[in-house]
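Two complexes come next, and they have one chain in common, subunit A, joined by subunit B in the first and subunit C in the second.
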Partner chain A sequence: MELQEFISNFADQFEDTDASEITKNTIFKDLDEWSSLLALSVSAMAEEEYGVSFKGDDIRNASTVEDLYMILKNKS
Partner chain B sequence: MYNPFSLSRKTILVTGASSGIGKATAIECSKLGASVIITGRNRERLNETFSELENEGHNQVIADLCETSSLQNLVTGIEHIDGIVHCAGITKNIPFQFATTDKLSEIINLNFFAPTELTRLLVKNKKINKGGSIVFISSVSGVLCSAPASSMYSASKGAVNGLIKGIALDLAPRGIRVNSVIPGVVETNIFEAGVISEEQLEENKRMYPLKRFGKPIEIAHSVIYLLSDASAWITGSNLLIDGGLTLQ
Partner chain C sequence: MALIKYKNVQIKALSACVPKNINRNADLGYLIPEEEIEKTINSIGIREKRFADKDVCSSDLCFKAAEKLIADNDIERDSIDALIFLSQTPDYHQPATAPNLQHRLGLKESTLSFDVNLACSGYVYGLSIAFSFTSQDGVNRVLFLTGETMSKTISPKDKVTFPLFGDAGTATLIDKVENEVSYFSLNSDGSGADVLNMPYGGYRNPSSVEGFVEQKDKDGNIRTGEHLKMEGMDVFNFGIRVVPRDIKRILNFSEIIIDDVDLIIYHQANKFMTNFFTKKLKFSTDKTPYSLEKFGNTSSASIPLTIVSEMFEKDKYPNRNNVIMAGFGAGLSWGTALLDLSKCEVSELIEY
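Up next is the complex of A and B:
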């Protein structure tokens, strides 16, 4: 699993947020478009692409996109 | 003692009895005098429910309702029953764009096909007594509303909604009633494995005029009403029990 690929898959879940706005350091919960539905999309994407699922606390405890990536990496 | 909700001399089959609504329903049925047959997949947890049943004459059967042989075995072991409560079910919060046919099948298999086939086999083999009552645990979701990332779950419960109305008509000549209860969110461990955070759950609770989720025992009591002779003229209906959620 590559960080860049994860960032791209993560950004893909957004409609109104341009992919260029999302980097490994993005505090994703501060994005206007972030919502609980998006959290579920990110989780479903992780399961589909990487076969790993996030728990509610995983996403809550993460701040940046890279944090999420690390959580995922540690699970896979 | 006068009790129109009594279940004495009735035998009730409860699926999904190892936890949540199924467990509470089985226990409450036993307290109201029913002989209860409980089924579930997990031997240990089913046994826990079994040990909490009051009075005598109960049975437990380990069964995976999605497996034909398991289902057949369950039906064969049953002599005659007066009621079925279909509690076995799963939920998955998956946004629609990820709702693949595989994932949908998993939910529809357990929430729709399994209770449908179990009911069919029991009816075909004439195992349900005249005056019997069949109760499906459905949901407000799929009947009156839905929720984000709940399309698959709603679809399964919407299917149940159509099913009970059709079965109610087909079984009316045999004096068998068919209804569902449609709860809002109930506090069960169906959430434990999910991605929904504590904060999100607290936020969801605030959507309910009565400011909390339902309790399994509260659903059990509405099921008991539908099983008892107190509801003898009710068939094909959905009993709403949602803390006022769908009022606004």
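Up next is the complex of A and C:
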């Protein structure tokens, strides 16, 4: 699993946010478009692309996109 | 592995009753930022729910539905041998509600009756119990009542549960028929018991002053110990993990392919989630009826309510031979059934 690919898959879940705004250091919960439903999209993406799912606490405890990537990486 | 095949049993008739009182998600401005409300409604697919009055119980909604079913189909009350009431919102902790319904409906004393406590998987489970009794020599007809007053279990200050849940009561009549086969898969995973639960009010944590104290969670939602708590993401992950897989298992078991399926009727959890199942199964959303826009998630009542609300008109969804029903939720518990609804008499939805 590559960080760059994960960032791109993560960014794909957003409609109004430009992909260029999202980097590994982005505090994703600060993005205007972030919501609990977007969190579900991210989890569905993780399940589809990597066969791993996030728990509610994983998302709560993560701050940057890279944090999410590390959580996922440790699960797979 | 609980894979079950029943022969010569069918759903003969179905009816449902919802409260008149409408609760609109557009009015939740106090809970969800105005600019997010419409987006949330479109994503979960739930515009409004029905909430029962204070003095109306699940059993009352089921009673109305049962009377409608009996009248519409000219059912002899004495021909009913069993009554099953499935709910998590019964009249009392003790006794069971089913015997009272037997009495209210004027059914004979030799009616076997009992309650079942299950959540969103309940319709498929209850149907399987009803099919099992109906397969026996001494039982010809089973009246299966399932209903919930979820509105009484959720906190108006919880944005996870409050937009989702609503109330309904339903009645299903099961009887014997020639040349019919149906298939069930029933499952459980108690390791996820905390994902959807009401921590107080049972006997592990009895009703107490402490249980009625409002608490704010990490996401700012406020609940007491006697409100339903839901970990949305964990439920979502559970659903996508087990539901498409269980549907595939039923297809294997019954030796049909997904292209032969006429309809999939999901438990109406939220559209975002169930559309994801459909995509994963490479099935068409044209063949997955939804009633949740009008009634939300009514737990175990949502599958029969969807049939009554969306399939009363025969020309809507005309092909009803291979129908899959998928229920999943608290427990964790899930079940899938494949059966024929082509001869099922569906009553018009009524209001209480």
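Things to note:
One rule holds for everything that comes next: the second predicted complex is superposed on the first by the 76 of 76 C-alpha atoms of A that agree within 3 Å, B and C clash if a C-alpha of one lies under 4 Å from a C-alpha of the other, contacts with A are read in each partner's own complex, and residues count from 1 in each chain.
In the analysis below, a residue touches a chain if its C-beta (ideal position, glycine included) is under 8 Å from a C-beta of that chain, and two chains touch if they have at least 3 such contacts.
Just so it is clear, the model here is predicted, and its values are computed rather than measured.
In the superposed pair of complexes, A:M70 makes contact with neither subunit B nor subunit C.
Of the two partner chains placed around the shared chain by superposition, subunit B and subunit C are both touched by A:S36.
In the superposition on chain A, A:M45 makes contact with subunit B only, not with subunit C. In the superposition on chain A, A:F54 contacts both subunit B and subunit C.
Annotation: subunit A residues 36-37, 39-40, 43-44, 47-48, 53-56, 59-60 touch subunit B in one complex and subunit C in the other. Residue ranges of subunit A in contact with subunit C, taken from their complex: 35-37, 39-40, 43-44, 47-48, 53-56, 59-60. Residues 36, 39-40, 43-44, 159-160, 218-219, 231-234, 236-237, 240-241, 272-273, 276, 280 of subunit C are the ones touching subunit A in the complex.
Here subunit A touches subunit B in the complex through residues 36-37, 39-41, 43-45, 47-48, 53-57, 59-60, going by the rule given at the top.
Only residues 93-95, 97-98, 148-149, 194-200 of subunit B touch subunit A when the two sit together in their complex.
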